[in-house]
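Take a look at the structure below.
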Amino acid sequence: MKVLKRLTAANMIWVITAYVCLFLSIIIQFFWTIRIGMIADAIVSREKIEIKFMFIMFAILLASCLFIYLKSLAGKYATERMAHTLRMDFAGKLLKSEREAIGGYEAMSKAQNELTASSEGLSGIFDVIEQFLSGILALIFLLFANLRFTLIVLGPLIAVVLLINRIGKNLPGLVNAAMDKRISNNKTAYMIISNFEAVKVFGAEEFFEEKFKKELEEWGRLETKKERISAVTNSVSGILSQLPLLILFGVGALLIWRGYMTIGTLMIFLNMTGSFIRTITNLPSWVVRIKQFLVHLSRTDIASEIQH
Amino acid sequence: MEPIIFGENLSFSYKEKEILKDLNFAFKKGERVGIVGESGSGKSTFLRLLAGLLSPTEGVVSVAGETKAEGIIKKISMVMQEAMLMPLTIKENITLGKDVPKERINEVIKAAKLDGWIDSLEEGIDTYLGDRANEISGGQAQRIAIARAMLKDADIILLDEPTSSLDKETTTEVLEALDRLMEGKTVVHVTHHPDLLKGYDRIITVKEGRFYE
Amino acid sequence: MNKQVREMLKEAGVWREFVIMMILRSPFDICNSVLTANMMQKFMRLIEQGQRENLGKTLGVFFVLVVLLFGYNMTIWSTIAVRFTVKLQKTLREKMFDKIMKLPAAELMGSFKAEWFTRLNNDIDKAVGYLVSPINFMHMVIASVNLVISSVIQMILSVELYIIGICCLVPFFMLNVFVISAKINLFKKEAQKSLVGYTDRIDAALKEKEVLAVYDAKDFAKERIAKKSLEILNRNMKAHSRGAICNMFYAFSGMLGYVLLLYRGNDIIETKLDDFADLCKVTQYRGNIVLSFNCVLNSVINMRGSLVGVERVNEVLLEEKDDGRTTA
């Protein structure tokens, strides 16, 4: 977290720009969805849709697309700048330390694995934040649009989130264990490559081959276990995420029949709740991704090693 | 006597740059040969050709009857400028996975004058050198490299400036260990310091890729 | 399938497992699409027609179908797919390692060390990622199956609305795939090379640390490293800016198609479509088609980048060598 804060602070202007574009993009999408609801009501009532209405839709569409472009570009630029800061922080600390903070093997392993994973994670994190923010803002909108209906659906949603979080509890531990084994295996590989002459001259190929393959086998075992639990977690959360949709239809039908809302409003809820449901469905994998990302990020921080 | 190492019209080029040109040489069994020359003259390249780590562009090199790289490598031991220690235990750095009797390991440790230092360590020979393999002194590192070379017990010893990064006192200690390594062996020693080659049978100067005696 | 990928899978001895895995995983998306579309139609019809007595039964039936579908996917994923992925990664790493161990020492001198380390590590990750990581080959295949079958179903429901949807989708799809994203692979490959360069400079700086300290040259070393890092940034941004344009066109085509479908759909209810529920079903399939197109597009872009890894892995694993002696 400390590293992430440092990276964000160093690139604040780009991060703010990215989030402003993201926010505006989401708000314009809301206007679009509301108007879609109005079209649905017109269709159910068998009314004609005016051309003027369609021109307004087209204007909103253009604005939406522009902000989607700006949000993508700004978001990626911000994360690339943060990745660059991370790489330079890493290099700077390696060069700065009076005594060697970490050995050559570990440095190469970090440069190849942790920095790369962190850089890719930074890029992916913005997408995660975007979808997460979409879901949250959608929920806020729905609470204002129809409080009773939203709360009826929200109860099961929260139960689903809690259940999903419980299911994925063991996953981060396994992710770390598998990653540790992978790093160990990489260190062995780098050690061999770096000292290749000695390995050849003293005929140590067999010795290192056995070491490398044993570590790889252990990694395979851990990775299989981790992936299996991930498969179960994601599938169960997929099933559970359908529950709110069914509840939406069930309760929505009752409220429409009683005259408390229209089909158009239900369409808005379907679209907006869909955004929130996507957030819920993807939450376990995002949590794993973020935790994995933060682990990678913390491993790039050699500051604590320099202090000792 | 048949030479144990010889080369005929040996040349080596790298990226179209000629490094060694048309070398003809023969070293007898048990001979100690010093190779001197300025930086970039091709000394280390020559040594790596003798070790089978490089292959000649033209000509032939034969080491203990072997002309192919895989065969040559089995016939030589080498101590390089960098000790090439790895994040393993001291024992593993010496044996590199070979199954060696404890007595033989102790023998080479004593010969390399490592016994005093290793006895002072809590875990002795099983001390893990870790990533920070350069936290041990240069002299200790080189003596581990010498012990490794002694263990292989090859008839031919190739030395690539093994003391160049050491101070005077440490150099003396390492040279004592090297003397024991070189006993009864054929030695080719590349160095910048001709004074280290006292008592050697031949000294060859490498200049612009050619040999001068 | 790309020839390079096929060769890599055969070399790794997992070709058959891969085919079985793909066959078993392919139907998931289309089954989910059919389920969701029919759910939409059924419930809208229930609501429009006020069929209160059928509400509970319909809810129950669809929940059971969802459980069965996701249960099937979970079974295939956690058994065959996981086994394949781990086996592929392990086999490629072992084979690459074996190749490295057989190299002449000259090929592992100097800056080549970082290159070989990248091949063993990053390149294999990319190669495996090409096949199984999110939005790559596997998702492309699953999305393609969904796309084809959803298209057929939508055409059966309403050819006119299908054509409207396709006209709003295909031109932008083609523009994205063949023009805008065409160079993304090249930029990612260049960024990968810059990463090797960055790693190399870190390695060099570590080894020469004392020299840098003595000659006060740490800033000089840092500048060189910064240059490489900025190169990574610039090259990645070239790829990302094209990706942003792709996203924009995707959103434009999706939203335009949807609103036109509703506009025209309103006109043809009672003539070509029964009711609003049918229109909802059509729009649902259309949504699936758009999502599948997008998945295919993004997969193709990602695959182009990941293919670099496959090519670099094959360069080593499929190369014919004689006795491995080096000649300058």
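As written, the chains take the letters A, B and C, and residue 1 is the first residue of each chain.
In this section, contacts are C-beta pairs under 8 Å (C-beta built on N, C-alpha and C of every residue); 3 or more make two chains touch, one makes a residue touch a chain.
Remember, predicted model here, so these are calculated numbers, not experimental data.
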Through how few touching steps can chain A be joined to chain B?
-> 1
Would you mind checking which chain's C-alpha centre is most distant from the centre of chain C?
-> B
More contacting C-beta pairs: A-C or B-C? The answer is A-C
Find the geometric centre of each of chain B and chain C from their Cα atoms only, then give the gap between the two centres in Å, rounded to an integer.
-> 51
Distance in whole angstrom between the CA centres of chain A and chain C is 16
Pull out every residue in chain B that's touching 2 or more other chains.
-> 53
Send over the residues of chain A in touch with two or more other chains.
-> 100, 104, 197, 200, 208
What residues in chain C touch two or more of the other chains?
-> 105
Across the complex, what residues on chain C touch chain A?
-> 39, 43-44, 46-48, 50, 52, 55, 59, 62-63, 66-67, 70-71, 73-74, 77-78, 81-83, 85-87, 89-90, 93-94, 97-98, 100-101, 103, 105, 108, 113-114, 116-118, 120-122, 195, 198-199, 202-203, 205-207, 209, 212, 218, 221-222, 225-226, 229-230, 232-233, 236-237, 240-241, 243-245, 247-249, 251-252, 255-256, 258-259, 262-263, 265-266, 269, 276, 279
Using the touch definition up top, name the residues of chain B that touch chain C in the complex.
-> 12-16, 48, 53-55, 57, 68-69
Per the touch rule, the chain A residues reaching chain B in their complex are 100, 102-106, 187, 191, 195, 197-204, 206-208, 210-211
Which part of chain C faces chain B closely enough to touch in the complex?
-> 104-106, 323-328
Residue ranges of chain A in contact with chain C within the complex = 32, 36, 39-40, 42-44, 46, 48-49, 54, 57, 61, 64-66, 68-69, 72-73, 76-77, 80-81, 83-84, 87-88, 90-92, 94-96, 100, 104, 107-108, 111-113, 116, 185-186, 189-190, 192-194, 196-197, 200, 205, 208-209, 212-213, 216-217, 219-220, 223-224, 227-228, 231-232, 234-236, 238-239, 242-243, 245-246, 249-250, 252-254, 256-257, 263, 266
